[in-house]
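Taking it in order: structure first as C-alpha cells, then the write-up.
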Amino acid sequence: MPGLALLAAIGTPLGLALLLALPAARGLVWRALPFAPLPALALALFGTVPFTVSNDWLILGSVLGLDATARLFLIPAALVWTAAAAAARVWMAGDRRATGFGLCFLFAMTGNLGLFLADDAPTFYVFFALMSFSSYGLVLHARSEEALGAARLYITFVLAGELALFAGLGLAVGETGSLMLADIADTALSVPTVALLLAGFGVKLGVMPLHFWLPPAHGAAPVPASAVLSGAMIKAGLFGIVATVPLGEAAYADLGVVVTAVGMVTIFAALLMGARETAPKTVLGFSSVSQMGIVALGIGAALMAPGAWGAVLPVLVFLAAHHALAKAGLFLGTGVFAVQHRPAARIAVTVALVLPALILAGMPLLSGALGKEALKTALGAGPAVWLPWMTLALMLSGVATTLLMARFLVQLWRKRPAAPAGVESDALVIPFVLLALAAAALPAIWPTVAGSAAQPIAEAAPGTPWPLVAGALIATAAAVASHTSRVGWSAVLSTLTAPAERAAARVGDALARRRRALARKARALPPALDGWIAAHRLGQTGIAALLVTVLVIGGAQHVAPTDPIAPPAAEQNGP
Amino acid sequence: MPEFAPDPMTLAILLPLFGAIAAFLAPRAAPLIGLGAVGAMAAAIAAVGHAVAQAGTVTVPLGGWGAPLGIELRADGLALAMLGLTALIALAVGLGALSAFAGEAPADGQPMPRQRAFFWPLCLLLLTGMNGVYLSADLFNLYVMLEVISLAAVGLAVLGGTVAALRAGLAYMYASLLGALMVLLGVGFVYLQTGRLDFAGLAGAQGSPALSAAFALMLVGLALKAALFPLHFWLPEAHANATAPASALLSALVVKAGLYILLRLAEAGPFPGEAILTLLGVLGTGAVLWGGVQALRAERLKLLVAWSTVAQIGLIFVALARAGTEGLSDSWRAAALLILAHAVAKAGMFLAAGRIKDVIGHDRISELDRSAVRPALAQLAFALAAISLIGLPPSLGFIGKWSLMEGAMGAGNWHWIAVTMAGTLLSVAYFSRALTGFLRFDRVRAPLDEHRGWALADAPPVVLAGLAVGLGLAAGPILAVLDLGRPFGVTP
Amino acid sequence: MIDMPLLPLIILLTSLGAAPVLLALPERSARLRTGLNLAVAAVKVALVIWLAWKAAHGVVYDLRLSVLPGLDLHLQADPLALMFVALSAVLWLVTTIYSVGYLERGPHRARFFGFFSLCVAATVGIAMAGNLFTFLVFYELLTLATYPLVIHRGTAAALRAGRIYLIYTLAGGLALLLGTLALWGLAGTTDFVPGGVMAEVAAERPGAAQALFVLLIAALGVKAALVPVHGWLPIAMVAPAPVSALLHAVAVVKAGAFGIVRVVYEVFGIDLAQGLGVTGPLIAVAAVTIIYGSLRAMAQDDIKARLAYSTVSQVSYITLGVALASPVAAIGALAHLIHQGVMKITMFMAAGNLAEGLGVKKVSQMDGVGRAMPGTMAAFTLAALAMIGLPPFAGFISKWYLAQGGIAAGQDWVIALLLGSSLLNAAYFLPLLHRAWFRDATPEAANAPARRKISLWLAAPPMITAGFVLVIGVLANAPFSPLEWTRFIVTREFNGGL
Amino acid sequence: MTEATIYGLAGLAVFGLGLMGVLGAADRLRRLVALNLCAGGAAMVLVASSWRPPPAAPDPVPHALVITGIVVMVSATAVALALIRRLYSLETDTDA
C-alpha cells in the first residue's frame, strides 16, 4: 500500500505533466491542477511514518519513504502547492504560454514533493534537479527583459548549486559507503563535504552571498510561481541540509561560525537591499532571504554545538512551515491586489495582507514570534559565546522584517504588479485567504500535526511587540545602495574564452603560413632536382657510379688483409 | 619417364612459346589462341604445383645436359608462387585486353591494327621468358630468358605506336640491353671463376675480387632492369605511355624478373654481403622517397601509377636489405610477399587506370573531377589496389609490410621501419590525389552518369584489386607455398 | 537453441556482406536498398541479442584465422565486446532508419549505404577483435570506410575535411601499426588478455613498456579525439548528419576510446599501467581534453561544431575513467561509452532535422525552434540535459560513477573536474535550449517557407534514442541495463588483473 | 701477361668505351652503336678467357655464351633500328 500511495503522490503531478503534451487533454489537466498535490498531502497527513519502499531497478537503486521530519516539510509544501495551483489555474487561463507554464509547474511540483519522499542520495538529487531546472521556465515565463535577466541569474545559481550538491553528495556517498540519506546524516563527514552540501543547499535557501538569484526570480515569476518558489521550494534547501548534513553527530566549529555569521549578515543585509527595491514581489523575495538568515542561525549553532540540534530541529521545522504559509499567502495576496481595479477593493486587500505581514514580522502570539522565541530557547543549548549575539540578531530580525513588510505594502500601491487581463478575482481570493488563515492558525494546529515535535512551540514565550514598533518607526529610514547583478554572466564567460580563441587562431594562422612557406619550397625542389638530373644525365651516370660503388664494397669485403693490393678483375682470368 | 614425354615445367615454358608463334601466324585467332595458351600454361603450372607440393623441390635436366653446365629446370615454392602469380595476371590482363583492343574487325584482306595483331604474340613471348626465368636453375638460361623478356617487353611498351611510347620504348630498350650485357659479362666472369653455371655450383664458390666484380656487374644490370633508384629513369615514361594491358604486364611482371634473379643469386651465392644489402636498402629508400615525390607531382594518372612502381620496387629492396641477424634467410619472405602483393595490385591498378582513361577520355588528374561520367567500378578497383599498395590491412601489401617491419624490428633496424612509414605516408598522399578526383562532384557541369552499366573490361581490374586486398587473409597458405622446398635453406 | 560457433563471424558478415551488394545496387532501386538495409540491420540486432544470450550462458566464442606464423585474426565475444557490438548494432538500426529519410532523393545513395554498412562491419570487428592485430585490421578498415562518408557531399569543403580526416586517422593508424609491431616484438603476442600481457616485458624493460604505452595511446587518441590530436573531429562535421551521428556516437570516436580501454586493461593491465606511472599523464591528457573541448564548444555558433567539440570533451570521460584505475570509475567509463553514444546520436540527428526541416544550422538561428519542431527539440533537450549530467538521465549515471571512482581512487579533484565540465556543458547547451523553447522565432524565420517536410523516418529516430537516454538512466539499476552490464565487465577485468 | 690477358683487358676497354657511349651520347643511333660496341667488348672478354694453351681445346661454354649474345644483339639491333626509323618518320610527320 505505501508503494501505491507513493506512486500516487509522485505520479499524479508527473502524469498530468505528461498529459499536457496531448492538446486534447489540456483542459482536463488545468482543471485537475489544484488536486495534483493532494495525494502527497494525504500521504503525509494520514500515512504512518516512518516507512520505506525500495525499488532496486530504479536509477541506482531507489528508496522512497517518509519519516517524521520529512512529513512536517511535506505537509506545508503540499498545502502551498495546492493553493498556488488553484491560483495558477485562474492566473494562466488566458495566457498563450500556459501549456509551457503548466509543464514547468507540474514538473517542479513533482520534484519538490518527490524530494521529501526520497530516501537515497541519487533519487533525492533527481527530484531536486527536476524541481530546480523546471523552475527556470516559471521564472522566465513573462519573457520580459526583467524576466530574462532574472532567469539567467537563476539558472546560473541553480547550476552552481547543483554542481556543489553533486560534489557534496558524491563525496558523502564515497565517505559513507552508502547511498542512503539516513546513513549520510549519521556519518561524521569531512569538512569539505559538509561545506559543499551547505553551499549547494544554501543556494536554494538563498542565504547570502548565494541569494542573488532569489529576489529577482521571485519578482519576475508569475504570482503562483512566486508563491511556490518562496513558499515551497526554498524549504527544499533546508530539508536538504536537515537530511544530509550530520548535524547533531559531529561538530564543525569553523563551518558553524561561517554559517552563523552568514545568517546574521543575511538578516540585515537583506533588509538593506530589499528596502531599495521598488517591485513589491522583489521586496518579498528579500524578506525571504532575511528569514532564511534566521534559519541559518539555527543551523550554525547546531554545527558548532551538536548537542543543540535536538532542540533546534523542531523549531526550524516549525519556522519553515510558518514561513511557507505566510510568505506564500503574501505572494498570492499580491496577485489578488494586482487584479483589483477599484480602490476600495485594493484597500480591502491591503488590509487583508497586513495579517500575514504581521505574522511574518513577529506579532506576539502568532507563529513568527513563537518561532523566534522557541529558537531563542533552543539556542540556549548552543555555543554560549554566540548566544547573546544570536538573541540580539533574532530580535533585530523582527525590526528588519517589519521594515520590509512596510516597504512591501507601500510599494504595492506605488508600483502595482502586472496581472493578466480578465482574471477572475474571486477564484484567487480563496487560496490567498486559506493560506493566510492557515498561517494565523498555525500555532493552534501545530501540536495536532506535529505531535511531540510541537513541544518547543507550545512552551515558547508569546514574544514582545517592540521590534514591530521599532520597525514601524524606522520604516522610512533605509536607503542604501542595493546590489542586483545586472551584469550578464555570459559576458564573463566570453571574456574568459576569447583570449584562448584568439591565441588558438593566431597559432593556427602562423602554423598555416609556415606550412605554406614550407610547401612552396618543397614544391620548388623536385622540379629543380629534375632539371639538375636532366642536365647531368644523372640516371645514366648512376649506372657507372653504382657499378663502381658495388665493386668497391664487394672488393673490400673479399680482399683478405694479407692481400692488400686488389688486382684488376680481368687479370685473375688468366689460363 | 620416356625421353620425350614433356614434363610440366618444360610445358610451362613451351606452351606460351608455341602460342606466341601460332598467334603471330594467325592474328585473327590471336585472342583465342592466347587465352588458350595461357589456360594450358596455367594447367601446366598447376601440375608443377602438385609436384612441388609433393617433393618440395623438383628438378628436370633438359636435353641430357645436367649440372654443372647444362640446362636444368628447377622449381620450388618461390618459383611456384611466381609461376602462379604470372598465370593469374596473364589471365586477367588477357581478359582485359580482349575488350581494350576490341573494335571493328578489319575487312578481309586489310591488315589487322598493330595492337590487336601483336599484343598476343608479345604477351605470350613475355610469359615464356617469365616462366623461363622462374624455372631456370643456371645463369646461362637466366640470361637467355632475360633477353627474351626484354625484347617482348619493349615490343609491348611501344605497342601503342605514339611518339611518346616509341621514345620511351627506345630508352627502355637501351637500358634493358645494357643491363643484359652487364649480366652477360657477369655470367662469363662467374663461369671463368668457378667453372660452373648452375646455382648449386655457386653456393660453394670461394669469394674473390673477380667473383665480386662479376656479381657487381650482374647486380647493376639487374638493378637496371628492376628499375632500382637511380636506375629507374626509363621506367615511368615507358610504363605510362604503353597501353593499359601492356603497362599492367610491364609493371606487375617484367620488373619482377630482375628482382627474382637477384633473389635467386642471393640464395645461391656468397654474395651479396651485408654492406651491399645496406647499399640496396639505401637506394631503395631513395626510390621510395623520390618515387613518392614524383608521384605526388605527376599530372597524369598512369604516370602517377608508374612512379608508384618505382617507389614500391624501392620498398622491396628495403625489405631485402633490412639485414640484421637473420639476414636474407628470413627477409626474402617479406620481399617475396611484397613482390606478389605489388604485382597483383599494380596489374589491377593499371587496368583500372586504363579503363578510367578509356571512359573519361583522358587521365589528367586535375580534371578527373570535371567529368560527368564516372567509371564507378574501375574507380573502385583503383581504390582497392591503392589500399593494398599503401599497405592497409588486411591486404596482401599490409602483410608484406608487416613482415618487413617485424623483421626490421627484430633486427633492431628502426630506420628501415621509418622508411616504410614514410613510404606509406607518401603513397597515401599520392593515391589520395586520384581518389579525391574520383569522389569530387561539385565541379561537374553536366548531369552525373555514375552507372553506365558494367563492361566485361571492369571485371579483371576489380578481381585483381579485390584479390590484392583479400589475399592478405590467405597469407598463411601463401607463406606455406613460398616455403615449399625451403628456399634459402631454412625451415620457417 | 542450436549452438553456432560461427555466430560472431556471421554478425560481422551481415554488414560486411551487405556492403558490396549495397554498393552494386543501381541508384534507382531505392526500395530494394531500403529493405535490404533495414532487414540486415534488424537481423543483426537479433543476432547480437542471441549472441549475448548465449554468451551470458557461458558459451565461449573464439574464432581464429592464422595470417602469419603465430599471428591470428581473432574474433571473440567477451562481455566488453558484446557491449560495444550491441551498442553499434542498435544505433546502426536507428541511424539506418534516419539515413533512409535523410538521403531521400539525394545522390550517391548506393555508395553511401555501402560504406555505411562497411563502417559498421568495421566497428563490429573492432569490438570483437581478440587481439591488437585484429583490432588494427578493423581500425584501418574503419578509416577507409568512413572517408567516403565524410566527403559524401563531394564539395571542396567536404574534400578538405576528408583530407584532414585521412591525414589524422592514417597517421594514427600508422602509429597503431608500429605499436602493434612493437607489442608483437616485445611480448610475443598481441592477444587481449584481462590483466594484460606486458608484465614480463615491463619487468625487464620498463622504458620500452612505457614508450609502447605512449605510442599506443597516441595512436588510439587520434580517433578518440584526445587533445592535441582532436583537430579532425570538428572539421569532419561537414559530413551528412547521419554520418556525424554515427561517427560521434559509435563508430570512429568510440573505436578510439574502446581501443584505449582494451590497451589499458587487456594489453597492459591496469595495475601494471599504474606501476609504470603512465596512467597519471593519461589522466592529465583526458582532463585537459575535457576542459578544452568544452571551452571551444562554447565559442561555436554552428550547432554541429558545438556538438563536435562537445564530443571531444565527453569522450575523454571514458579515457579518464579508464585511467583512474578504480573499478567504480571503470564502470563509469564503460557506461559512458554507451551513454554518450546514445546521447550524442540523438543530438546529431536532431540537429540534422533542424537543418533539413528549417534550415537552422547555427545556434543564433535557433530562436523558437521548439515550437516549430517540438518532438525533435524535446529529444534534443533530453539529450542535452543528460549531457550536462542531470539526473535521472543517462549522463548523470556515468558522471556519478566517475565521481565515486575518483573518490575511491583517492583523486578527489576529479569531482572538481567533473563539476567544471558540467558547468561548461551547461554553459554551451542551456543557451541553446533557452533559445529553442523560451524565445519567439524571429520574423524572418517565422515567415520563411518550410524547407522540407520532416518525414517520420527523420522524426522518429531521435525520439527513440532520446527514449533510450531516459530509460537507461531511470532503469540504470535494472537487470541487463548498460550499467549492470558494465559492472559485470569490470568485475571480470579487475579480477583478471589480480 | 699472356696474350689472353691482353685480349681480355682490351675487351674490357672496348666494353668501357661502349658504356661511356651509351651513357654519354645523346643521339639515338650513336647510342645504339655504342651498345653494339659494349656487346663486342663483352664477347671479346669471354672469348679471350676461354683460351687454353694448345694442345688443349678452348673451353666451349663461353663460346656458346658469346654466340647467344651475338644473336640477341643482332635481333635487338634490328628491333631498335626499326623503332628509330618509325620514330623518325613520326617525328618528321609531326614537324612537317
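Lettered A, B, C and D in written order, each chain numbered from 1.
The rule is short, and it goes like this: a residue touches a chain if its C-beta (ideal position, glycine included) is under 8 Å from a C-beta of that chain, and two chains touch if they have at least 3 such contacts.
Source: prediction; values computed, not measured.
Visitor: Using the touch rule from the top, work out which pair, B-D or A-D, shares more C-beta pairs.
Guide: Looking at B-D and A-D side by side, B-D shows more C-beta contacts.
Visitor: Taking the mean of the CA coordinates per chain, how far is subunit B from subunit D in Å?
Guide: Centres of subunit B and subunit D (C-alpha means) sit 28 Å apart.
Visitor: Measure off the straight-line distance from the CA centroid of subunit A to the CA centroid of subunit D, and report it in whole Å.
Guide: Roughly 98 Å, centre to centre.
Visitor: Averaged over CA atoms, how far is the centre of subunit A from the centre of subunit C? Could you give it in whole Å?
Guide: 33
Visitor: Give, as an integer number of Å, the spacing between the C-alpha centres of subunit B and subunit A.
Guide: 75
Visitor: When you check subunit B against every other chain, which residues touch at least two of them?
Guide: 178, 192, in rising order.
Visitor: Among the residues of subunit D, pick out those that touch two or more other chains and give their numbers.
Guide: 19, 22, 45, 49
Visitor: Which of the chains are touching one another, listed as pairs?
Guide: Result of the pairwise touch check is A-B, A-C, A-D, B-C, B-D.
Visitor: Where on subunit B does subunit C make contact in their complex?
Guide: Listed in rising order, the residues are 380, 387, 392-394, 398-399, 402-403, 405-406, 409-410, 417, 421, 424-425, 428, 432, 436, 439-442, 448, 450-451, 472-473, 475-476, 479, 492.
Visitor: What does subunit D use to touch subunit B in their complex?
Guide: 15, 19, 22, 28, 31-32, 35, 38-39, 42, 45-46, 49, 61-62, 64-65, 68-69, 72-73, 75-76, 79-80, 83-84, 86-87, 90-91, 94
Visitor: Which part of subunit A faces subunit B closely enough to touch in the complex?
Guide: Where subunit A meets subunit B, its residues are 526-527, 538-540, 542-543, 546-547, 549-551, 553-559, 566-567, 569-570, 572-573.
Visitor: Inside the complex, what are the residues of subunit B that reach subunit A?
Guide: 178, 182, 189, 192-193, 207-217, 219-220, 223-224, 230-234, 271-273, 275-276, 279, 283, 293-294, 297
Visitor: Given the complex with subunit A, which residues does subunit C contribute to the contact?
Guide: Against subunit A, the touching part of subunit C is residues 295-296, 298-299, 385, 389-392, 396-397, 399-400, 403-404, 407-408, 412, 415-416, 418-419, 422-423, 426-427, 430-431, 434, 437-440, 473-479.
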